[in-house]
Each structure stands twice: as structure tokens, then as C-alpha cells.
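In what comes next, chain A is part of two complexes: it sits with chain B in the first one and with chain C in the second one.
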Partner chain A sequence: MAELLRPYRALLASRLRAQLAYRRSFAMDLVGAAGIGVLELAEVLVIFSSISVLGELDLAGALLLFSFAGIGFSTADMVVGHVDSLPRYLRTGTLDAFLLRPLPVLAQLITSDLQLRRLGRTAVAVVVLVVALSMNTIAWSPALVALAVLTPVFSAVIFAALFVCAAGVQFWLVEGGEFANAFTYGGNYAASYPTSIFTLPMRVLFTFVVPAAFTAYLPTLVLLGHSGPAWTPAVLGWFAPVAAAGIWTVALLGWRAGLRHYTGAGS
Partner chain B sequence: MTEPIISATDLSRDFVVHTGRGLRRRRSVTRAVADLAFTIEAGAAVGYIGANGAGKSTTIKMLTGILVPTSGRVRTCGLDPHRHRRELARRIGVVFGQRSQLWWDLPLSESYRALAAIHRLGPQALRARRDTLVERLDLGDFLETPVRQLSLGQRIRGEIAAALLHSPDLLILDEPTIGLDVLSKERLRQFLLEERATSDTTLLLTTHDMDDVQRLTDRIIVVDHGRMAYDGTLAGLVRRVGADRVIVVDLEENAAPLDDVAGTRLLGVEADGLRQRLAFTPGSTTAAAVLAQVSARASVRDLTIEEPDIEDVVRRLYASGA
Partner chain C sequence: MSALAVYAGLGWRRWSAYRSAAAAGAFTNSVFGLIKAAITMGAIGAAGGTLAGYDALTGATYAWLAQALIGPVNVFTWTELAERIRTGDIAIDLARPIDPQAGYLAADLGRAAFQLLPRGAPPLLVGALVTGLALPAEALPYLLGLVSVTLAVVVSFACRWLMNLAAFWLLELRGVTTLYLVASNLLCGLVVPVHWFPPWLATIAAWTPFPAMLQHPIDIIMGRADGPEAFILLGEQVAWAIGLLVIGRVVFEVGARKVVVQGG
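Here is the complex of A and B:
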């Protein structure tokens, strides 16, 4: 296993050295990323300054949801977010260079970067998580502890799959960056608010098609003991791993079809 | 008999081109490579020549598994390039002169470490191979400089070392000398000649440079609009279409047209005979013999020799075949 991963460790290590070579610019990027996290937090706080409950959740609940989505999205963005540079790689021929190396192309694309600056945003979300956990009254049980620990992990896994889905689409839409962003950044936006505020079709879309609701909203309902709206009951909050497996299957099939489209192997 | 390192049979590749927008959008199919058939034996050195857009890059992409042929068959190192892309990648090295395969923000030494990990070379194998390449390509002075700060000549040498790090059976160079100055070109050719002499690496190169072809290859394949236009030696091609060198002499005094120099053809007389241009075919006479004959008739102040360029030869070939 260690031997299998050696090329990727070397690739990532080289990426990290390149980023840390410019310490001041790296520090600025880190602060900038944290700033984005703070602005998103401010948005939630502004909304709750005029209302007290949004889609079953009060401020404390909304902050918990915000932190789950924030940790998941920023981690996914750090690890795989750069796959959205695929159109540039297609134009500059970098993808051809990947095809000339004895490794899977998607694995090379993912390990072609690791945007450590996104940790700034993760840090904000982690602080909010700690605060939110203390603000909410949760009837802790071993199962709920496991859910609270695993939710950010599966949140990241689901967002990562959304990034890969978006990248796969770009094989067909070489300038489809904005379209793809609708699913990744749009998914994050949808995930940062209680899904129940959306109309039913949107709620179904962000639960069963783009599984953003699994990244934060549904687990939050379980933790807080809410029942959840029609069609998307709280019990679904336990099924983030299933949603993750489903969306990754779609992502990998889409990626494979995209690569086959690029090489002309037929799709 | 061993299997050839590259064999292509009726190789074709179409591209679908969309023109116009919306309802007017039209779909047309362009054939970039059409029914190419050739084999390259292990150890050969082949120049792959053609005008821009003749299908050279498309062919290379099919040989290396980046693109799948629309029809026909290709085998490289005994493998189906697309199906066994990763296995093939361990056995070939590819350099695209105009596209970097290195990491622009890393020094060469780091790039080589990453590439060694990708090709699963052990630390000792890496060190031995890298030291040889560093010495022979003279990379020592800039091994720790980020790639983006290297000159073009330095970068290309770095790229070639990267492509050879895993000791491939087949080295494919796509316009390796493009944009290089005379000295850098010469060093690169010298290295490639040595490399071929010391290992059995098969070389396939595309180029626009006649000297590259002359010095580095023993066979050339010319493509025109995706079709095979010529396959043989450079000498054979020159014989077929005629590729004359031109000797331009500047004389001390006006002289009569030098239209009787053996083995040459007088192309033009300028400035009342002060400058005269004589074409000759290499092989039938030499520049020295021509100069000796001219000197017997008039005193020469200066001379230059114009080489036929590959474009010119290819153009003549295209014209003769049409």
C-alpha cells in the first residue's frame, strides 16, 4: 500500500514545497480564505438578527449546520477543488502530459495540487462548530457522538464527489466552468442553509440529485432531535455514507465517460 | 524476427468540428490522419516530417495512447497504446517542444524526484541515472533553479532528461529544437547522437529543421494532409524532388556569368556580376569543388551557403505528388 501511494506522496510533497516557498504570499492567502469564511458566517448572523427561526432551526442550530457544511466544503475544496482547472489543463496540454505518465489521470489531477490556504476557511468553520456544539442542547449518545464526528468527514467526501462530477462535465463544455460551479459552489450555498427553506422540488434536488442536504442539514436534524419536513425526514441524516457512495459512483462514471470523450474512445 | 517497436496499419483519425452557433450549428468531420501504414524497427531513428496541420501531432498522440484511432490499428512496444496506456508510459519517453511536462514552479531536481516516484525508480537507480543525464546534458548549473526561470534551451534539456529518466525503449521528440539558438541545437544533437550510440533507444522525432533530420535520423516519413507522402532516406527524398544547396559568391571585380561551373546551375547574377548564385546538388559535387572552380575564374571576396530547408523540400514533394 505504502509503495502504491509513493508517487502521490512525492507529487503532493512537491506541491507543498512550492506553496511554502513564498511564505508571505501563503500567509496572505490563508488570511484571505479565513476572511471568506467569516463573511459567510456574517451572512448567517445577519439573517438571524431579523428572524429567530429559519426552517425549524434557531441560530444555534443554524450555526451547527453552517459549521458542518463549512468544514466539509473547505476540506473538499482544499483536496480536490483544483479539478475545476481541467479546462485550462485541456487547453495547455497538461492533460496530455498526465496521459503520458503511468498513473490514473484523475488521481494525478487530484494530487496535482493541495490548496493549503483553504485551511483558513476550515479553521473558521471548526471554531463555529465548537461554539455551536456548546450552544445546542443535544441528548448525547454514542451513536450521536459518532454522527457528529463523521458528519464533517462525509460532508467533505460528498462535496469532493461534486467537484469531480463538475470536472467530468467540463470535458464536453470546455468553457463550462460557470455551469460546473453551479453544482459545487451552489451545492455549498444550498448546504449552508436549512434545506427546508426551499420549495419541495428544490429540496428534492438538493437531497436526492445533488446530495447537499446530507452534508449538514439532515445530520443536524438528527443531532437536534427534529423530525424534518416531508420527503426529507431527519432519519435520512444517518445515510450520508450511502449518499456519498452514490454520488461518487456517478462522479467516477462521469469522469470515465469524459476522459473517453477526450481521447475519442467513444462515450 | 522481433516485433517492430511501432506498427501502424491503415491508421485514421477523424475530428468532429462544429461551426456556427445555435440552429445554424453545423457538424463536419475532418480527417486528420488517413490510412497511414508504417513500421519502425527497434533501434531506428526516424524523422516524421510534414507541414503544420499535416497530422504529425495526431499521429504521435495515437502512438502514445492519448488519442484513440477512428479506424485502423496501431501497436507501440507491442502494446495497444490506449488500452495499455499506463504500461506503455513506463516504456516510452515523450517531449513536446512547445509544452512543458515539468512543474513550472519546481527546480529540476525536485521534478526528477517526483518523476522517479511516478516511475517507481529506487533511490539508487534514480541517483545513477540522474547523475549520468545531468552530466551529459550539462544541467548541473541550474538543477536547483525553478523551471520557470530557465532559458528555453535549458528547459528543453531538462525536459529531455525527464523523458529519459526511466530509460525508455522509445523516445519521441516533437519539435525538440524549435526556438533554440544554433549552439543549443548543436549540443542537443550531440547528446542525442551519444544517447543513441550508448543505448538502443529508438528515436522518433518531428522537426522543421533540416539539420536535425540530416544528423539524427536514418529514415524519414513525410505526411501531407494526413496521408503518407514519402517513406525512405533523406538522400532518396532529395534525389526525388531535388534539394539544392546554393552557394553565393561575392567577387572582387565584375565577372562574366559563371554559367559553366561543373555540377552547378547558375541561379542569378547581381550587381553586374559582383554577386552570383550557383545551385548544386550535394552528392554530385561539393562546396569546396565549386569554390575551387569559381576561384580559378575570379577572385572571391566572400561566400555564403544557403541550405535547402525542410519546408522547401516538403513543398516540392507535395507539389510533385499533386
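Here is the complex of A and C:
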């Protein structure tokens, strides 16, 4: 196993060293990434400056929801977010180089450009999580503690699958990178707000097709003891692992089909 | 003048070449519009039916118009000029018998003119079908709106131009670009309308050119600002456009003096 992972460790270590080589640039990048986190937080705070309850959540609940989605999305963005540069590799023909190496293409692509700077955004979300946990009154039980710990993890796993789904679609599109943003960044946007404010078709879309609601909203309902709207009851909050398995199956099948569809230009 | 018209035409042609990119952009704008309209209507509902003068329908209209305009106005980033400064290609621009700032502005207006319909119409169409739109019935707001959108493109260009010039002094621009993105997206009214801001944030926004990129044109098109108010907003946009373009020229002159072209 250790032998199997050695090439990836070497790849990752080289990426990390490269990013840390220019300290000041890296610091600026971290601040920039944190700025994006603050921007998203500002949106929530501005909205709650004029109202007290959105969906069934007050500000404390909305911040808890926001932090779960934020930690999950920024972690996924750091680890696999750069697969959205696939259109460039396809256009310039550099994907062919990946195909020649004796490692799976997706694994190579993921380890090719881990973006440490995204930690700036994760940091903002972690601070919000700590604040939100102290603001809410939660009837802690061992099961709820496990849920609170595992929610950001499965949130990241689900968002990572969405990135891979979006990348898989690129094999069929030309210059269609932005199309995929609708599901990745759009999924994050939808996940950062109570899904209950959406109309039923949209709620079903963001729960059962793009499983954004599993990343934050449904687990938050369980933690705060809400019952949830019709068709998407709070009990679904326990099923994020099932949603993650489902979306990863779709992502990997889509990726495999896309890679088989790809024809190199002989570059 | 005819050279600038050619630049504008080239801007149009360059962006119209990638039809699927325009379609992908419009699709994404529309999906974000669905989410944004739902959040806006949810917040207005929670506030008891009206929030800062927006009811559910006008709030949704605001969200859809914002999604329709962000493509043409381009409130996001643009680093083409910075790339050219870094690679030294800027020397080619300096050698051309046309003012670089005017040339790039003309090309950007051509881009915006092309993107107005393919990027603007789909979100509005989806909006009309899903939530309905509250738009004025007379022609004047649309005419003034078109002027305002054009001015918004100029203000947006002038800001992006200035941000790109930082490449004369900095090697790595990503941090600067990201911070610009954060400031512009929040303060232009894309995230939530500027009218919803708490007073201190509204004051900050009023001192920046960002509301002139999105909030002003939308206020004029929706008829929220009509009569003299509309002309005050247009005047504000003109002032920002001229002021920022002039500062952009001065900074460009200073930066260009630093450029050393290697023969080859």
C-alpha cells in the first residue's frame, strides 16, 4: 500500500513545496481566499440584518449551516477543485501526457495541483463553526456529536464528487467550463441557505439530483431538532454517506465514459 | 475613430466565435438566478412582504436583472492586460498607432455589445417563466437603462484596467484580483441589493464606483429611480467613468515608463 502511494506522495510534496516557495504571494493568496469566505459570510449577515428567521433557521442556525457548507466546499475545492482546469488540458493537448503515465488519470489530475491557498476560506468557515456552535443550544448526545464531526467530512466528499461530475462533462463540451460551475459553485451557493426556501422542484433537485442539501442543511435540522419540510424530512440528515456514495458512483461512471470518449490529437 | 470601430468589431467577433461558451455562461447565470431569486424572495417573505422597498416580485426581478447584466458588464476579473504586461507583449500595444486604453475599451464595448443578448436574455426568460418579472411598461426606462448599462461597462472596464496595471509593480496578481472580486461583487449589489445594506456598509459602497456597475443600471431599468433621480445616477456613472479613465491613463503612463523592451 505504501509502495502504491509513493508516486502520489512525491507529486503532492513537490506541489506543496512549489506553492510555499514564494512566501509573500502565498500569503496574499491566503488572504484573498479568506476574503471570498468573508464575502459569502457578509451576504448571510446582510440578509439577517433585516430579518430574523429564514426558512426555519435563525441567524445562529443559518451560521451553523453556512459553516458546514463552507468547510466542506473549501476543502473539496482545495483537494479536487483544480480538476475544473480540465478544459485547458483538453484544448492544449496536455491531457495526453497524463494518459501516458502509469497512474489513473483522475488520481494524477487530483494530485497535480492541490491548492493550499484555499485553506484561507476553510479558516473563515471553521471560525464561523466555532461561533455557531456556541450560539446554538443543541441537546448533545453521542450520536449528535458524531453527526457534527462527520458532517463537514461528508460535505467535502459530496462537493468533491460534484467537481468530478463537472469535469467528466467537459469531455463532451468545448470551452464549456462555465457550464460546470452551475453545479459546483451553484451547489455550494444553494447549500449555504436553508433548502426549505426553495420551491418543491428546486428542493428536490438540490436534494436528490445535486445532493447539496445533504452537505449542510439536513444535518443542521437534525442537530437543532427541527422536523424539516415535506418531502425532505430532517431524518435524511443521517444519510449523507448514502448521498456521497451515490454521487461518487455517478461521478466515476461519468468520468470513465468521458475518458473513453476522449480522442487525443496526437500532440 | 475608424480604428476604434474596428477594435469594437473585433471585440464582438472574438466573443461571438465561442457560441457554446456563451450558452454555458447563460446557463450558469440562469441557475444562479434561480437560487438567488429564491433566497431574495425568501428573505422578503421573512421580512413581512417588503424589504427596503422590494416586494417578492420586484426582489426577484432584481435578482434576474443582476444575473442578466453581470456577463455584459463583467463584474468579475479580467487579467488579459496583466498577462501582456508580465510577458512583455505590452510593448506591441505601445508600438501600435492607437491609444492602448482607448483600443482596449473599444474592444471591451464590442464584447459587451455581443454578450448583452446571449448572456442577458436567457436569465430574464427563465425569470419571466419561473417567478414573473416586474418591469415598467413605458419605453423611457429601457432607453435610459441602455445608456446606463453602457456607462456601467465603461466604469467596470476602467476599474479592471487599473487593477491590471498593478502588474507593472507586482509579479503575482492573484491575491489582488481575488480581493477586487470580493469587493466588487459585494459592493456592486450582485450579492444583495445595495439598498439592503446596513447604513455603515451603504456609506462604504457609496464611496466606491461599484454600485455604478450594477445597482444603478438596475434601478433605472426597473423604474425605481425615475425622472431626475435617474439622471442623477447617470451623472454619477459619467463622473466615475471619466475620473477612473483619467487615473488609469496617468498610472499607465507611469507604468509604461518602467517597461524595458528587450530587442529580438
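Everything below uses one rule, namely that the second predicted complex is superposed on the first by the 262 of 267 C-alpha atoms of A that agree within 3 Å, B and C clash if a C-alpha of one lies under 4 Å from a C-alpha of the other, contacts with A are read in each partner's own complex, and residues count from 1 in each chain.
To be clear about the criterion, contacts are C-beta pairs under 8 Å (C-beta built on N, C-alpha and C of every residue); 3 or more make two chains touch, one makes a residue touch a chain.
All of these numbers come straight from a predicted model, not from anything done at the bench.
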Joint occupancy of chain A by chain B and chain C, clash or fit: fit
Which of chain B and chain C A:Asp96 touches, first, second, both or neither: first
First (chain B), second (chain C), both or neither touched by A:Val46: second
Chain B versus chain C as contact partner of A:Leu54, first or second or both or neither: second
Superposed arrangement, angle subtended at the Cα centre of chain A by chain B and chain C, nearest 10 degrees: 80
First, second, both or neither for A:Tyr189, with chain B first and chain C second: second
More chain A residues in contact - chain B or chain C: C
First (chain B), second (chain C), both or neither touched by A:Leu150: neither
Which superposed partner A:Leu173 touches (first chain B, second chain C, both, neither): second
Touching partner for A:Ala10 - first (chain B), second (chain C), both, neither: first
Touched partner set for A:Gly32, first chain B, second chain C, both or neither: second
Three-chain overlay, closest Cα atoms of chain B and chain C, distance in Å: 8
Footprint overlap on chain A, comparing chain B with chain C: none
Residue numbers on chain A that touch chain B, as the complex places them: 3, 6-7, 9-11, 14, 17-18, 21, 92-94, 96-97, 99-104, 263-266
List of chain A residues in touch with chain C within their complex: 22, 25, 27-29, 31-33, 35-36, 38-39, 42-43, 46-47, 49-55, 173-179, 181-183, 186, 189-190, 193-194, 197-199, 202
Residues on chain B engaged by chain A in the complex (per definition of touch): 13, 61, 64-68, 70, 82, 85-87, 89-90, 92, 94, 96, 99-101, 103, 105-106, 110-111, 113-114, 116-120
Chain A-facing residues of chain C, complex: 18, 20-21, 23-25, 27-28, 31-32, 34-36, 38-39, 41-43, 46-47, 51-52, 171-172, 174-179, 181-182, 185-186, 191-192, 196-198, 201
